[in-house]
Amino acid sequence: MPKFDTPARIVEQTQLTHGIFLLTVKATAIQDSANPGQFCMLEVKYNNSRDPLLRRPLSIYKTRANGQISFLYKEVGKGTRLLSKRRPGEIVRVLGPLGQGFRLIDDRPQCILVGGGLGIAPLLLLAERIKQSGKLIILIGAGNASEIPTIEDFSGLTRYFHVATEDGSLGQRGMVTDLLAQTLQEITGMAQIYTCGPWPMMKAVYHMARRKNIPCQVSLEATMACGIGLCLGCAVPRSDSHGFLHVCQEGPVFDADQVHWEYNQ
Amino acid sequence: MIHQKNQITKSPDLSINIGPLRLKNPVLLASGTCGYGAELDGLLDLDLLGGIIVKGISIRPRPGNPPPRLVETPCGLLNSIGLENVGIESFLRDKLPWLRNVKTSLIVNILGNSVEEYSEIAKKLDGAEGVKAIEVNISCPNVKAGGIAFGTDPEAAANVTRAVKKTTGLPVIIKLTPNVTDITKVARKVASAGADAISLINTLLGMAIDIKSRRPALANVFGGLSGPAIKPIALRMVWQVVRAVDIPVIGIGGISTPDDALEFLMAGAKAVEIGTATLVRPGTAEDVPAGIRYYMEANSIQNVEDLRLPDQQTLNPVRYPSFPIEGLPMQPL
Amino acid sequence: MIHQKNQITKSPDLSINIGPLRLKNPVLLASGTCGYGAELDGLLDLDLLGGIIVKGISIRPRPGNPPPRLVETPCGLLNSIGLENVGIESFLRDKLPWLRNVKTSLIVNILGNSVEEYSEIAKKLDGAEGVKAIEVNISCPNVKAGGIAFGTDPEAAANVTRAVKKTTGLPVIIKLTPNVTDITKVARKVASAGADAISLINTLLGMAIDIKSRRPALANVFGGLSGPAIKPIALRMVWQVVRAVDIPVIGIGGISTPDDALEFLMAGAKAVEIGTATLVRPGTAEDVPAGIRYYMEANSIQNVEDLRLPDQQTLNPVRYPSFPIEGLPMQPL
Amino acid sequence: MPKFDTPARIVEQTQLTHGIFLLTVKATAIQDSANPGQFCMLEVKYNNSRDPLLRRPLSIYKTRANGQISFLYKEVGKGTRLLSKRRPGEIVRVLGPLGQGFRLIDDRPQCILVGGGLGIAPLLLLAERIKQSGKLIILIGAGNASEIPTIEDFSGLTRYFHVATEDGSLGQRGMVTDLLAQTLQEITGMAQIYTCGPWPMMKAVYHMARRKNIPCQVSLEATMACGIGLCLGCAVPRSDSHGFLHVCQEGPVFDADQVHWEYNQ
């Protein structure tokens, strides 16, 4: 799979709600070959400064045929703060598309996407892809409505769309796992779960899936230096206790039963 | 100007010798930051480099340390990968074939927890087609001596050197750890023990604490510091070792631009390795030979080894032709 | 939340003891980066700090090294000031009176090229009104022992400690150099020799080359590296020394924010010194006690010493409650 | 003398010619107490990056009564490049006013200002001050006209105004020291020289002044970390061979005969 490290011009930088941004850049080569669940490494340092040193991994949220890619990201620290200050017309270096994305399983006509907070970022491309072929169920959870400002991107894709927020500001009051429990009671037939969100949420989703014998793919995060398998820094313990998964190269998407969920992040 | 220059100088010669090994230019990729080469396919043209030094290989596969293994620090990176690697058998079987097709010199970095382990792995590499040299990482804990790193004990370092030299006909580069009081002591011992070359520095021992979770940021507590932050320390040690031994010295530590590389070459390094910078931008190393060539052209320097600063002038910098300041001894700081 | 917290916790206590010396908070200014205090007038309210450690003083005035004395490096600063200072006589006469009016603890940093010089200057400080403690810089060259720094030789370090302790009743803080293989060896020796506290780290030996002029960037060739770049190394050494000795440890190296200071306090430092950050922004230190207080309030921590991480949990981080990975020994790197 | 370390809003950032910029910030407290020849330390790092670490010293070029200060600077490296990217409305931290400026000498009615290249920066405020009290002679030299884009700021201040450029693109072809030689032949009576520019130029000016027994003040540069006397880094050797001058605190303006001119920068 080809990867590209290109200077990309910023087309749009929008603050959606407090601390959440949508960044769109022009990077045709990357857009061309991007698959759902893949990510990019974005340079966040400014000009010829060397601090922060490392790039930051962000999932590919959206692509457009004109070579544009969008990232949906949250300002959590130094790097994302600097990135959020960059303006249209400026250049950021982007390396991508990286990693193994979600795998579509032919015999699974019902796909359940479970996203928590900004964990929805890698799920949009996937949802768009599934929509073309099978039944799409989207379940999204967050603390409150402002944490998921791009919910409309998803809601139009399927009529099986449900939201839960902990404070009840949008959709059902509660957790996304409540939605999943309800869904798993209702559905019949072969299904496949795809999930991304905080570790405890994904762990819960995995256990629910396992009880129902539904295969589950998870998109993991790990601190990364290179994003392309050079440093072996992005390790996550394997369930078989034989060493580690490498999130940037073998992931970020894994079959959930490969992952050692007792690992205390 | 450019026209005139072309008339008087030939194109600069960037090739160098590391012992019996000839490299087309002095720019190498550092072990542990370029995987087994194939990961860089399409992002960096390895053919443009003097060499590639693959991830440290041990006798058996090693899983490495639990995560978190990485934390960013100001202009630096702390890692505690724990020397995860596929082991020599898998390396020879699965990784080496791809590397044979690259038109650059392949150097294999090795590690062990005893002198015997170092010998054993060197022996396995001896006949391997495509392998041009061995770089020996002596920052590893000497299990028999209670876990003190081989590289912090000049005697132990010399023992590893002798053992590896005895079991292989390949050129042997000993890679020094900077976590010592006097790096020239280790360097001298290693040189007299027969090393063909010395490379330095490996990472500096450091740590970070995550004040949110109130625990060390690395699961292993300590990690190795690399990146631009350590460049001044690396350059100082290279300068010292160059002046302490007669074998070639390869400079490593925080190099991310041609200018950084030039500093090491001026300090007297025969070659340089690029580490963390490749993680930050995979194509970094490609620009370095080009940048060195450009500098040499602009300054009419013919051979890359002529970049080295003359010792005399610089150790006693004659900035004050006639400048007696009362009681002005040069200070170490 | 804030209301509730006020009901259950008292305002955090930031005061600490360094041996017999009580400081109102654990934030000090590091020697050589705050002049003699008066230079900061109007830019930093010294009264808000735990203490100030003035520029290293020698028995006679010293002119220092020729320029260039400074060069910026990635997230760091190399300096070769050469310990320029006004000498003890002028310090007592010209600088001390102003410092007596500041409501913070005054600590005087001293230096010498022989054990006798250290003693002599400590004696002169003993009776000086306003001086609360002595910090002894042992990174200086031991002229009698051929110029090797006192601080790289555990015996020499212990000798200086004993000599200074004998000549003064003031609390004595020994400031260690990081340019050693095992800093705990020096720390232990210094502690048994009677030091009241240990501070670390002084600067790391480094260098830079100016590729335009083709000579070392510092006239002195080598300089001391400080600033954010060295923080991971400093923190690791503080962590090690805290666990090796029973006397208080003061952490120094790259601290420029309250979060940085918290890392050192969590590593077990009793106090911290702020160096290069004051050069970058003179008011830096003022924000640090406030930031520490804020963190303590937010985390319901009553005493600043309770910030220290429990050793057990962190040296063997229990991140894998039941997690056996085959052949997974923790590695030093 | 009070010093202030204040966040200052950028009012104007203009590229005058290739690589030369005029930056104007609002910093009322500093403007209020600034004297000719003083300088400021400007933060050049971006946002919460820590590289480049140190501030950069720049002379106070102009002040306006509304609290504005201008700096005339050249992009020579990392720090000045980053500074040149900053835009109006953004904030830079400025520490000033710093150092000892030019001293006006009462019995010297004729003042000769000799500026080389951007060495003119500290001379404008001085020229404005002298204009009020005595005879002002301004001599400016540069490689070519584009190196001294703000020459009009000076030319209107006095009719004794001369320029030399090495390529003849403005004024007389030659060096500013040629202009000085001519001037020194013409003038009679008590005079005072003030100069700022490259070291070899200032050295030459000093020697010419000495031969004519005219006192000369020079504005020196040195690498600085703090700018306020904390680090002792900004040393320049004294002519009496007894240690060093400290540019940030005792200078940047010195009587030229205090300086060890044989010092090989």
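For clarity, chains are labelled A, B, C and D in written order, and residue numbers in each chain start from 1.
Note that in this section a residue touches a chain if its C-beta (ideal position, glycine included) is under 8 Å from a C-beta of that chain, and two chains touch if they have at least 3 such contacts.
All values reported here derive from a predicted model rather than from experimental measurement.
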Of C-D and B-D, pair with higher C-beta contact tally: C-D
Mean-CA-position distance for chain C and chain B (Å): 32
Geometric centre distance via CA averages, chain D-chain B, whole Å: 44
Chain A and chain D, separation of their C-alpha mean positions in angstrom: 54
Inter-chain centre distance, chain C versus chain D - centres from mean C-alpha coordinates, in Å: 37
Chain D, residues touching no fewer than two other chains: 50-52, 237, 242-243, 263
Sites on chain C at which at least two other chains make contact: 63-66, 74-76, 79, 81, 227-228, 319-320, 323, 325-326
Pairwise touch network: line, ring, star, complete, or other: complete
Chain D residues touching chain C - in the complex, by the definition given at the top: 2-3, 5, 43, 50-55, 93, 95, 222-226, 228-237, 242-244, 249, 263
Chain B-facing residues of chain D, complex: 50-51, 237, 241-243, 260, 262-265
Chain B to chain D touching residues, read off their complex: 74-75, 228, 318-326
Partner chain A, residues of chain B touching it in the complex: 32-35, 39-40, 42-43, 55, 63-72, 74-77, 79, 81, 84, 227-228, 256, 276, 278-283
Chain B contact footprint on chain C (complex, rising order): 60, 62-66, 73-76, 78-83, 139, 141, 147, 149, 152, 179-182, 203-209, 211, 214-216, 219-225, 227-233, 235-236, 239, 254, 259, 262-263, 266-267, 295, 309, 313-315, 317, 319-320, 323, 325-328, 330-333
